[in-house]
């Protein structure tokens, strides 16, 4: 027989003022199954908790209902007390007599009556409650970091530094990401590569980090603590074991006119190439699409010149499966394609470039060795117009959100330009300047006040090319309220930040949700900004939303901290509010499987002793189930139930209100 | 001879209702005809086969058979005495009247079920002789007849080409009813119409003999393919009497219900542990045939079927007892039962 | 309709072992009832006409029928939709059944499930709800809630809980129906009052977005309860609100159990 | 739900007859948004009608239509279902599932004779304490206007005979 | 005239509701295993007690119930020789058994019975008795065993073979010890291989195998077998091989029942009602049944 203890808290005057706590306790005493019912001034105090513990022991209670404040407040407190007294904590429930009753009603009899109902509901529930035990899942203490940009590198280094293994997967042949392409960084103007490359090398050499460049994730199975990830290592055609990185191959490669991705197509590379001189690993790959040997079957020069015989034309893509306990997604961003803006030349005007292209022009290692020359004819640009919010904050043709970093990098571009072309004119069109951040506003002010950049508030309506090859930029100065027309050698568009192409495909693989643009969704926008709704998958950097470098790094370190926290114990303990399938009555209609937001329900084959398939049923993976119960409500045969909120418990609650 | 105009049957119902009877008659209900308690304005239909049988009024599909007041962890038994109103089953089919013998036996063969008995004792049965039969009628194959008076307290005969009805009392209850009918009946003369011609379609003894030897016959699979395992046949059947007992409770009161049940349901015999002695529909349909044509005859010397044909008329899958029995008889002819 | 061809095909399927059983209809005492043909020489008994309402797909849940896979079914378009939907709900494998497809007074020949799906989408893509049923639904919708309650009170009072509706429905394939669950007891077992209401309403809801409107349940009901009013109402709502077209696409997601960000929420405060 | 405080746990029947009728409303709410919104109404000391009894579930996605049926069966005059706004679901999509389910189920309820005036759906976030209080007041008022749920409605449990 | 409903409706004798049980009070409860419990039940009064024991013969069963939950069938596990109370032993398996199990001493349950036939022990006077039981099926035989032991002089040798899956699954452990200690009872206990504990002194092996090994003599002996279907299936051939005639070998059937009084139509095996014609059958009778479901 159920032996339920009822404990009514006065919460000082908070409950007692409007609810007659003694009357509630007395009424509850008459509920079937209640063997003890008392009221007390402060149930959450030590003596109050002791009262519950004593009753659990003395009265051999099989359930406890505490009528007090919201369970959000003290449920953990009372459940701990129950546990300490030897009662399974899930046999304790709270009735919310304060937030839901005494604080919102004034009439004492009415509030008392409602309190009695609330108590009855929980008493009826607790009588049906089952003992639940925390779920333990083993954890594979290896992390997978997807993306070798600054966020991925940082996360990998932090996790590795914490003593755990990391597999770092990068799609391109080298670590570094976008940051490696930048000339200087705002607001300090320190050299991007100078601060990044040591970290790249550190990552490559760290004993806890396994680097997988030129590789992509193709499949993700499993769940928190126990993921199985398939990684496709693309054929490099160069044996990394043999290659010394001497460079003889790409110096001799005859296929030379291939636009360099790294230089944003402002420079060229060979078919066998390394993306940039500081690449990590510093070993070339062959671009099979452009390699004469691989496309036409003749050439073979690189193999001839390679002193170590590292060239392997018969190399093949390989798939490896890695087992990891956590995944950090740091896939970064891409720039929006401004060809949608016809009035800006729709991408056809050579001298209308984007921010990355300007970075490469300004970079000492870039195609112009740092001189700001026009792509069309290589002349030094005497006048440059920078246009902010290109695609950003334009719900009609671009994206509605603010890309956040463009104000800053445009100011940086203007400053860099003025440093390099002292007499040059730098004009910035802006909608408004958003420079929240340490030293950021000062930096923009410096561009305007010290470095002589001309800031014009307004939109550019048209850019066209004059006969002399220079560009005419027509717009409006909305502060002055007049049209402006500026002749420029070059226009730099601050294109919107968008997710990497294929971001949604990866999200689907991971089971991570994403917004309508393809940015990955955090589990909670305020309190869980690093986690995703998929347990064990964390976010770092601009794959979640536009971010600058320090933010990306901060989030990467946060993700690493989450991973290390997860790996700090051999097993994962989770609240046992999970769904359970009745395999006897399940008819495998798969409604639950389709409805589960977490992909936590799978097929399970039931076989006889000889291994013959008898039937297939649904099976909940306790590691993945988050306990929402959506599956329960779609199951027509009542074959799936949610621990902690079982059908029987809920029906008992409803019946208590009859 | 007590007679009345066939068109005045509703007047008779009115009179009997006025005399304190609960009058059960076949009435139009939507596109069906069913036995229902007479209410003025209803249309009596004696020309179509009702979807329910007379048992509804003696052994209702759900009834409370036990009841408790719940007091916390204890309970107080409450008396259960379902109402047993004085009832007349008027113009029911002779096959329905005949079924009562079967039910009387079941509810009294050992323990006496007074819930049933009280209603039975208060019921006067007045069947109407059938002058038409349809393809599913086979009362004559199971010892009945379209003009059978089995189970009847009085008998209504169509007469004068269907224009009149003769009411012939057979028992004291029947006589009391005639008395209660008073002016609704006239003294007079009428020529009874010939009862329907219902040819005998099979011999139940032959069927029984075959069943005794053929529990494991392959035929059962074939006979039961069409069965979808619902309870339409059992619930329509005037002699099916299987029931389930289920408790239902509020916080303050509980009742024990007796609900109709059917051996055609897969869960009927299924154990909590999963084992089912009748694992497939063939075993369940076999039980239905065996029960009516072997077990009941064996035990009570009755045929457990009155040949009303309702099961076949109402089966959504075209299962038919008549067809099964004729088929079995055919088998029996092919391979005569062992002499033993 | 070319009945001779249908019989010939049925016989051939059995004769060459492509089907272990053909389920169709035969005539008995002036009515059509399901027929189970295991030998080629019995195929001549097969008939088909508009009174063949029973949805033979319901038989596929019987283990003894499944044992004879592949099974060939005489199927009108609605029945083909049941089969597609059963496949979508993982109750059928594509090669479990063959279809002897009939429709619009035409015999379409022996089809695989995939071919039946194609035929449905090409020729029977717009199977409409029975106009009379729709008119009756609209009539009821004009009533006050109290009148509707009275209407259904009278209808549900007839229900004996024989579960013929469930048995006749191919989509009611649960091995233990919710109505038979007693821990907890969801639905009163008494064939009366709220138990009958809950049973009929929940059965209808369990078919929401899944009912292919074959009408077999209503035809099966011995008591004449107009069950199709409930099913057609929900079919209409699922179609209007969520573009549901059950049984036309074996890959489709279930209507209840999936969602769209733009689903109507005008009724939500 | 008893309507007296003198004999708090007495059977409903006799006492309810003696008391003026007051709506009995059962609310099924999700733990993360509406339950928390109700908490906020409490901490903000917003006063509202005392007629609603909350049953907490993890998510509106958990709410089986049968819960609603059961509440009506057992005497509720109205049922309120409330959860997270679209996009806010703690479990990402439970409320979307629920929304679609109610979109169909409420039609069925209306069609079978349960007045739409007795079925309420809402989104109340954890921040919307005021909305919660207003909602409860509005619902209670509307149910009061609609009157008691007809005891002869087919959905209602009736005493055994 | 207006017919008098009452007089016509009233049966000639007093109206009795055969489905109405009597309340019984839990006088004691014992855990036999983790999920098997024994309840000792006292009658509400002497009249009920006397009425019960006038009818009760060993092997009969009853329906034990909790209002609001339902009724469940178990044998009466105590002998007719002990007339102060009755006992039942059951495994918690569903809604009703869970409710019964929850009952505390002093609380009440409902009871109907005794129902069904019984073991014909009066015909066995002077004969030897062999009891073979497995797991949770010892209770019906336990009632017979105590009945015999309470009238020890009237019967010949008593041998008991009892087996369970594991040592923990053996029920009535204290009584097993008591039987073991008696010199007029020959008790052999066994557990399935792997089910033994370090201090287990009984045999290790399945019941049929141990039976074959022990090889009791069939002469003038009645055999009673109760156990799970699989055990019965393999035990009966062993008994036959040892020479026990089918007519002298008894077992019980446990079909699903609801009413217990031969009405509800659920328990029939052929034309026999297990609730009326059973639950006790000889193996000879079982063989004649159409599908004796063992």
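In order of appearance the chains are A, B, C, D and E, and numbering begins at 1 in each one.
The criterion applied here is as follows: a contact is a pair of C-beta atoms (placed from the backbone, for glycine too) under 8 Å apart; a residue touches a chain by one contact, two chains touch by 3 or more.
In this text, all values refer to a predicted model and were calculated from it rather than measured experimentally.
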Chain labels contacting subunit C and also subunit D: A, B
Shortest contact path, subunit C to subunit E, counted in steps: 1
Centroid-based (C-alpha) most distant chain relative to subunit B: A
Remotest chain, subunit E as reference, centres from CA atoms: A
Comparison of A-C and B-D by number of C-beta pairs in contact, larger one: A-C
Between subunit E and subunit D, distance of the C-alpha-averaged centres to the nearest whole Å: 50
Subunit B and subunit C: spacing of chain centres that average the CA atoms, whole Å: 31
Centroid distance [mean C-alpha coordinates] between subunit E and subunit A, Å: 64
Geometric centre distance via CA averages, subunit D-subunit A, whole Å: 37
Of all residues in subunit B, the ones touching two or more other chains: 70, 73, 244, 246, 248, 250
Junction residues of subunit A - those touching two or more other chains: 1, 30-31, 584, 595, 634, 647, 651, 655, 658
Touching two or more other chains - residues of subunit E: 94, 107
In the complex, subunit A residues that touch subunit D: 20, 23-24, 26-27, 30-31, 70, 72, 96, 98-101, 103-107, 109-114, 116-118, 120-121, 513, 521, 533, 577, 595, 597-598, 626-630, 632-634, 642, 644-645, 647, 650-651, 653-655, 657-658
Interface residues, subunit A side, partner subunit B - complex: 1, 30-33, 584, 655-656, 658
Touching residues on subunit D, where the partner in the complex is subunit A: 1-5, 8-9, 12, 24, 26, 36, 38-39, 41-43, 45-48, 50, 53-55, 57-59, 61-65, 67, 70-71, 74-76, 89-94, 97-98, 101, 133
Of subunit D, residues touching subunit B in the complex: 11, 74, 157, 160-161
Subunit E contact footprint on subunit B (complex, rising order): 19-21, 65-66, 68, 70, 73-75, 77, 80-81, 84-86, 106-107, 109-115, 117-119, 121-122, 173, 176, 179-180, 182, 215, 241-249, 254, 256, 258, 261, 263, 268-273, 275, 277, 287, 290-291, 294-296, 298-299
